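Below are two complexes that have chain A in common, paired first with chain B and then with chain C.
Now for the complex of A and B:
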């Protein structure tokens, strides 16, 4: 319990640091949301100055940071100039979609990568292992940007999108209809993300399994005449699980980055398009909000991985509780 | 494969790509900004050996193309006149290896015909030429950004590991902050606070600065680890006992230990940074028109009709595959060698 609290405190400190860093960058930024307005002859200088005053852009940075902190504690995360509304509802709307996409992709990527990794470690010279190593090399060399574009092109050209009803815009249909609608839209971006993350997971699974299979107790278990599949999935995989669980946390960073790009390319209404639009508009608080959210995602991913490690490995449990 | 061949093969492949890009003015038949408004989104030129009578020509040739009447972006070959492919031809002005002005090109055809190996873009510019020129931006950005982030990372990491204490604590906490964000988000965040409308040259330098700045944390942590262990080695302690200065110790005794780590990191970082440049330019946050980068050429695929009907616009993305593959082979070989 003490460990848990310390871990949460650490994460909070990290988030504060990230927000401070963002505001430090903000100081460097030339111009703001309203500088573009000055180009228009219909808007006078006084109006622009007035707007700046209204949004406290004329105040020094530490005051703005203090106000931002206040609004964060009110659950607003600052104010979006472009949307004329607090940032939090804007971002939370999109965050759900990003979370849905990344968690789906992560789930299926692990479902594919772990069995393949285990099998290819079990028979390193086999057909499957060779197939996996070629596939891994190929997909590692293919950037997710290209993969996303190719997938989109193929989907459009084969008419596959139309048959799935993906041509329709995202509707607010409820219940079964809504679920079907979401799923059909989810398949393509999730597929691209799975394809980009499987190779890394596969490599790590295979190497962890190889190490576990080489250890003496596996030979002992084998000498006891236990079935090979049981040795693989019951004895060896459990021993190999440790680095994989920590990978769960660290691989999340890559997945979030990839998802950002895939969302923009495929038009998935997640954080990606919102963030890009905010950058082009100089809507700084939305940018900071998005960045903070990604930090929260990553921190909670690490946190969950830590808890899982705690649950899986008795050695760590003993070490941290003492 | 023997370890030596494992190193040589990707190096040769990368060498060819970089040489082609360096000699862009010679390899590319046209200038990257040369437009032909009569040929927007034309597919790659057909290179013929047989004319319409079925007669074989030893020297391959192309036909001039025009847009078909009443049809949008459908091109027809004018078979009346053949334009043989010329090697070492004289064409539009360019700079050989970026310095000597010349109009010599590796290959070309006489006007009014045009040869476009990879089709043309929305302004009728030759995609192959733009790809070769664009490699300059994309590959150089990767190299320079890597140099920058490794320089920063090594310096900070070495200071942190060598001196320890509060300096170490400050630098490592700062590195943790940078590592607390997914790198594309971090890249976006830093890019967000910099000006949008700037000249291509400024944009290029800015992108390198941004990518290099964002990436210092990981190498810094690695270098710190190595320095931390190297500093306690007997010969370093002995050197200190003989009154060697800190700088001498770092440069003479510790840096050789670190250099292999840096080399392996470079092979890992360069492709990642090339991709970062491509991504930024793809999204319109990088180097702008008319200067090409692989990302900005790919960026036209964001338009629906280009995505669906202009498959040749995918070429800049496809070129990334052998480059990335070579780098990943290289980093694997380096890691096996040093670790």
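Now for the complex of A and C:
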């Protein structure tokens, strides 16, 4: 219980730090949402000043931060100038879609990377290991933007899957039809995310497995006449799990930032397009909301990793329970 | 044990070679770890394999434990050639040869309890019915001088001596005929080292075990081994009764090892039968 409270305290501290830094950095950027209005001859300086005053942009940083904190406690996360609405509902509407995309991609990425990493570590000179090594290098060298564009082109040329217009399909359709629509539209962006994250995960898995397989403990287990598959998956993978579980936590946050670009390119109605638009318009509170969401993803990922470590490693369990 | 049983060969190795490829092109080079090794291990006896670092001792031990395949040669354990046996037969044969490594903390799973570590080979090889496994584990722990209270502890919660005892209990679980001891006393304090050596001698007497003891430590070899084989550059260059080899070394590498041992301990390793040299 004490550990849980400490963990929640750490997460709150992380979120406070991230929000403070976001405010400070955005303050450093020149101009604000209303700066461009000055260029229009139809809008007077007084009107712009009035709007800036209305949204408290003329106030010092600490007062704006305090007001943002107050609005966060009211569940609003600030106010969007562009949408003329509180930030929280804007972000929450899209966060579900982003979460669906990232969790699907993450699930399949781990499902692909772990068996491939284990098998290539088991036979480092084998055909599969060589294939994985070349494939990993190729996908790591390919920018995800290019990968997304290639996937789009392939989908449009072959007509394999509906590649654009996910927004309407995801938000309006219900029941089985809705599920089908969402799934068919999810395939392409999820595939791009899987292809971009598998190489890193595969490398980590293979490296952790190689280390585990080289340990004297595995040699001793082999001497018992245990079957190679059991040695691989029951013994070596268990020994290699700790670094992989830690990676799982951080990869959740990494996948979120990777998904932003894919969402923009492929028109997935997640927080990616909203955030891009907000950055271009200097809609600061939406940007801060997006950054906060990313920090929440990171904190939750690390928390989930901690829980998993607690479940799989008896040493950590004993340490925490004592 | 009867003299004819003692003299019966348990394991015979002929013409073993093993070459490792080191580095990558264009700096690739071939290192011959074993270069035509012939060896006979007799039932109930201890053969010490000594030699400088890189002489091929550990490679030979790994080949004899069927954990590495030699490039050529034969390793006969009964009527099975371990060097060319198919995987299925090899898996079963492995139960007859167990290996004890130098680093006991590294050879025991950090995730399992002492009982689970000893139970694992019993479960995998199905040598003991499920209902009797717990009793068998307790019995094995007792045989190596560990109390049943330690069953729930993990390896990291045990002392170096206790960990090595646990590794011995795990090796004994499959009733092996040969245990390969790859410098298992390194890192133990003198008292724990003496106790483990005495335990191994007792177990050998009660279970008719054979040992292949891989070491640099001629002090322990002189007390522990019946025969000694000296390795140099992947070959066995000298082989004989321990007392004879220590008293009258022939090959230069044997003399170098003896000189090194004398320089370290301040006296020459004494022949078998003087236990003081083990723990003093």
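Here are some notes:
Throughout what follows, the second predicted complex is superposed on the first by the 307 of 322 C-alpha atoms of A that agree within 3 Å, B and C clash if a C-alpha of one lies under 4 Å from a C-alpha of the other, contacts with A are read in each partner's own complex, and residues count from 1 in each chain.
Heads up, the rule we're going with is that a residue touches a chain if its C-beta (ideal position, glycine included) is under 8 Å from a C-beta of that chain, and two chains touch if they have at least 3 such contacts.
Every value quoted in this text rests on a predicted model; they were computed, and no experiment measured them.
Once the two complexes are laid over each other on the shared chain, residue contacts for A:276 go to chain B alone; chain C is not touched.
Touch counts on chain A: comparing chain C and chain B, the chain ahead is B.
When the shared chain is aligned, chain C comes close enough to touch A:219, but chain B does not.
In the superposed pair of complexes, A:127 makes contact with neither chain B nor chain C.
When the two complexes are overlaid on their common chain A, residue A:1 makes contact with neither chain B nor chain C. In the superposed model, A:260 makes contact with chain B only, not with chain C. Shared interface residues of chain A (contacting chain B in one complex, chain C in the other): none.
Those residues of chain A that touch chain B in the complex are listed here as 14, 17-18, 21-22, 25-26, 28-31, 137, 140-143, 145-146, 149-150, 152-153, 156-157, 252-254, 256-258, 260-261, 264-265, 275-276, 278-280, 282, 284, 287-288, 290-291, 294-295, 297-299. If you check the complex, the residues on chain B that touch chain A are 173, 176-177, 180-186, 188-196, 275, 278-279, 282-285, 298, 301-302, 307-308, 311, 314, 317-318, 320-322, 324-325, 328. Put simply, chain C touches chain A in their complex at residues 62, 65-67, 87, 90-95, 97-99, 101-103, 106-111, 113, 120-121, 124-125, 154, 156, 167, 170, 174. Against chain C, in their complex, chain A makes its touches with residues 215-217, 219-228, 230, 235, 238-239, 313-315, 318.
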